[in-house]
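Letters A, B, C and D name the chains as they come in the text, with residue numbers starting at 1 for each one.
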């Protein structure tokens, strides 16, 4: 604890940039590394979940993500469930270069209502491909859309937003009783973002199969500038991993997945997130650079099109390779944005670990 | 305490950039947040005071500030009280692009004397609009102008400068006895800048209704480069909040407003200032970007036109929206410079607080 | 130890940039400084070893390095041992400006197999010059190439790679028993990169004449971005120097050379590495700027041409002087990239030391 | 103390950029501030000494410095004492734009020998003006030139270089016995650079009237890059001030001036140096920007023209005002480079001090 001044104290919190993984005295063969991730009834080849963002996930890329061995998630409040044919909308957005003009256009196109029948038809299209997949909803629409999503056969329902907490207080509406709500659903739930021990413990007790660690409410820099809120991820992941450990004991053995969500620029950040205690990572930016990404070189989150308080500018990325190259290579770039899976394998091998669970004990240093 | 060397020790002090607000286990409905700020007999819709700078506050923008729910303050030592018609002066200044040439022009135009009758007429013009408002004076002109200002019907007299301290020592003049001076005035006084516990306590004991926290003597970087003086705001606010708490006890219940003044680039900084213990914020830069701002895209403080030792360059900002958009939205930018009020509401809601007083307990981390 | 969060702790580690050498109360004549480095049967004029990288070391520059008083090392898995005449390959690479295109070309040209007869003929060409020299191999090719290299008459065999650890575990192959392997070789072995006390101690016990400190697996920034792994060099060198001290005691007097390898941009970094406890430094970047360097203004390591996961872009440097000027001057630049040897002499003289061994006790500060 | 690793510890040291002066509870009238500096028999209006660099000090600017109230120092090993008419040399240097080409030209023109008769004539020219002044020599030429300089009637002899230490050890020459040497001279001696308690104490015991704190061997960044040596000035000044205090006691009352020398970019840095414990500051960069400066917009130190190991590039500055404006104003810039004296006055007044001696107790914070 540090004294900020005579009336306020604060702890030091660490971002992923503040830490680094260090080699140990042991190394492994890269072929001996097993990245398999089991969560609920699903087993994935590697612990990567795509962020449910319109610029990243279309029905096609959700399917492709599953075919390659990860988990794709369709944003059920996005353009695919607002427009019968969203292609012209994407094209119109990609034609706007200026970020401020893009924000206004985003605010405009997302004013179109969500259609339940589109939610159903998009998800059924994905289900037909026979790969694991998920659909996402924000907390405020959870009551309205969750059942529609679950009935479409998703493997997971993702509830993702900024208002997820252990205790939401409202004077005007009855807050969602998350425990009861999850209990009534026929699909396991991944829920977040959360950023501290108590909220994570509450979500685990409410029955979540996995918790998303992070502050799902906007790009990191924008959130800091607009709200003053910042969630240093290394500390947040470590705190939530402590909740997982304590809940495992208290529940007599229920292991809840901890999924780092946000501030993950590439494979180096993902590796650090796992070393801090995460079981898996939800990634957006790296996948937004895929040639198949619906954003066509642009990337935005739901906070960018908030009607009255945008908290993120649309970003531009030059497409760098196929989704396959980004996930499983080969890579000819050296910035951690491609061949994420081999990079993780190599980090584990170089530091002497064969699976993610044991790698969570890897030694970190403050740099 | 750190050893700088064998003969000097120093404490670590924190700027607002060094800290961040973290989510708690609770969240709130944004509509349940109440930003109302009561100070003395005045109740404002939100805790924002405009900085009395010529580039920000004209009689018109003081009125507009009040209409929108905040507090406008006219600089009673500025161009509006030196010139019958300051418009040509503003126009001439806006025609100079080079900052150094602008400094020389500023030094020239501010050489014109202040006229008491203009102080009176400008303030009466504002009073006629029927909104809360204030007039400001520097400590060295306080004796001369305070009575004129107060008689014009201001809600507050603002005494703002760099020489405000608990104890001013002079061999040539009798320093202002602040306690006696405040006692004689018919309006509550907001006074600063101050930056430490003891000075703040002294100002409270002298009868201030509010104290301005900061070093009102120039832009942050310029003050550091020219004087070597820097006031890390998170620490300063926390120290002054401690003085408020102790004075509340010692006075048997007189609550003095703590107003963060300086280094506030946008809503994120304002939120952090409140979380450090401030009751309100005095803002300049965000308002200088208003289309209505008299500076016409330029911004300067009194230190910029000091006749022999300029301590701040005139800055340029592209106007980004109306004063209304900047204060209460809607916003299409993501840098914290627009829709300040909704941003504050959202920060409080996201961290589980319903008013500023309780939000002063929000958890901070060192980042 | 710092708490990253409730389930993870980490120590602070220091890079060379984090530390500085400070003057002591004593100074020396620069002519009294003796930089001689004795390792095994070889005595060098100064403690600098060239990094075995194709962009730095050709047979000719290995010879020149030796003539000037240092130790040159030929990469026995590089272009010189894959191509009868590598000149057209170097020319073709230098003709490509784009770093990404260069990576693809590197991946292509290094697909050519290594030829044992070229290893022999290149090393015999160097041996004929009568200067100390070494040949390098990566751990995975050590069994295949070591004997060929040693038979060619090298003074040292360098085993350099990322998979060097105290304990390599494999389910598919029998890992190299380093102790037995070194025992069978007719040349002393320099081996690394290693980055911690236990691995260094293991390598010393295995019979290494010198250990390379660092993470030989890629450029610093790229390794951090791709793998999340980072080896702060000041801490790593200090830890390995502790292993040298403890092994000296345990072995009853066998002194193993500690060679800093990586992140050494110029003479200032080299001086800091020695002050942290290194006996010598392996340098790449400064030598890549030599007019004679085969890279012709470009520089790359083995990690840049990894077939599926590049971990370093080819870098461009304007050639700045001859190898002689870079090593022993004179210098007209002020960035630490030229006249490395006089710079080291001057650092020792300015801080009161006459040889590297005593300079390892020099006072450092954290900056 | 921090553990860098298992075999090395280091203390944290602070640069002037790491600290800031904070307001206290007291303020003063700026007119009550007395900056007078008495050292030996000389009283200056303000505690500023010009650095003896050819780009800053000509006989004319030495005189002007004295007329304005400070202390000018002629470099007695510079162009003025090597050339009967140095003007064409300055002109030729100013005609070269490229810094690397300039270094080579500097190495060439400084190869011309120093002439004793020019030392005498330049200094006598200055003496005739009737202002306090000094001449400087490097330690290695002290025996040769000191008597010539002193005989010319200087108020101080400045011995300035990198090899000044408490104990210089040489196997080939008999080191200068500083105590005996100073004893034989007819002028008080200012000597440095030194950077630690013990060296400073030794210099004081040797009879120095003032010690220069810093590492006089090159520009800060270049010294770090080339030699790995860095002297964080806040810590160095505080350590030397402790030596002054202890020597004052041990000598029964001899007060030796502590003069910060180096890394002082403007008035803010000078103010911090005084607050760390310095009695005065030796400045180069701010004065190099004077219209009268002989460097004609360029600035270099003796380390830049070292014949074999340059440790500083010639820098370019746009002339910004007369020497008078730079020292005593008025100023229209806000970067601390002009009106240094009023800035110091204002810093003392703003923090409640009336003289430098008491200001050495000013409160600092780590920022």
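Everything below uses one rule, namely that a residue touches a chain if its C-beta (ideal position, glycine included) is under 8 Å from a C-beta of that chain, and two chains touch if they have at least 3 such contacts.
All values derive from a computational prediction rather than experimental measurement.
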Longest centre-to-centre distance from subunit A, chain (CA-based): D
Copies subunit B and subunit A - interface residue numbers shared by over half, same or different: different
Whole-Å gap between the CA centroids of subunit A and subunit D: 57
CA centroid of subunit B to CA centroid of subunit D, Å: 40
Two or more partner chains touched - positions in subunit A: 11-12, 235
Pairs of chains in contact (touch as defined earlier), listed by label: A-B, A-C, B-D, C-D
Touch list for subunit A against partner subunit B, complex: 2-8, 10-13, 15, 100, 103-104, 107, 162-173, 194-196, 198-199, 202, 215, 217-219, 222, 224-232, 235, 304, 307-313
Of all residues in subunit A, those that touch subunit C in their complex: 11-12, 14, 19-29, 31-32, 197, 234-239, 241-243, 245, 265-272, 275-277, 329-336, 339, 342-343, 346-347, 349-352, 363-367
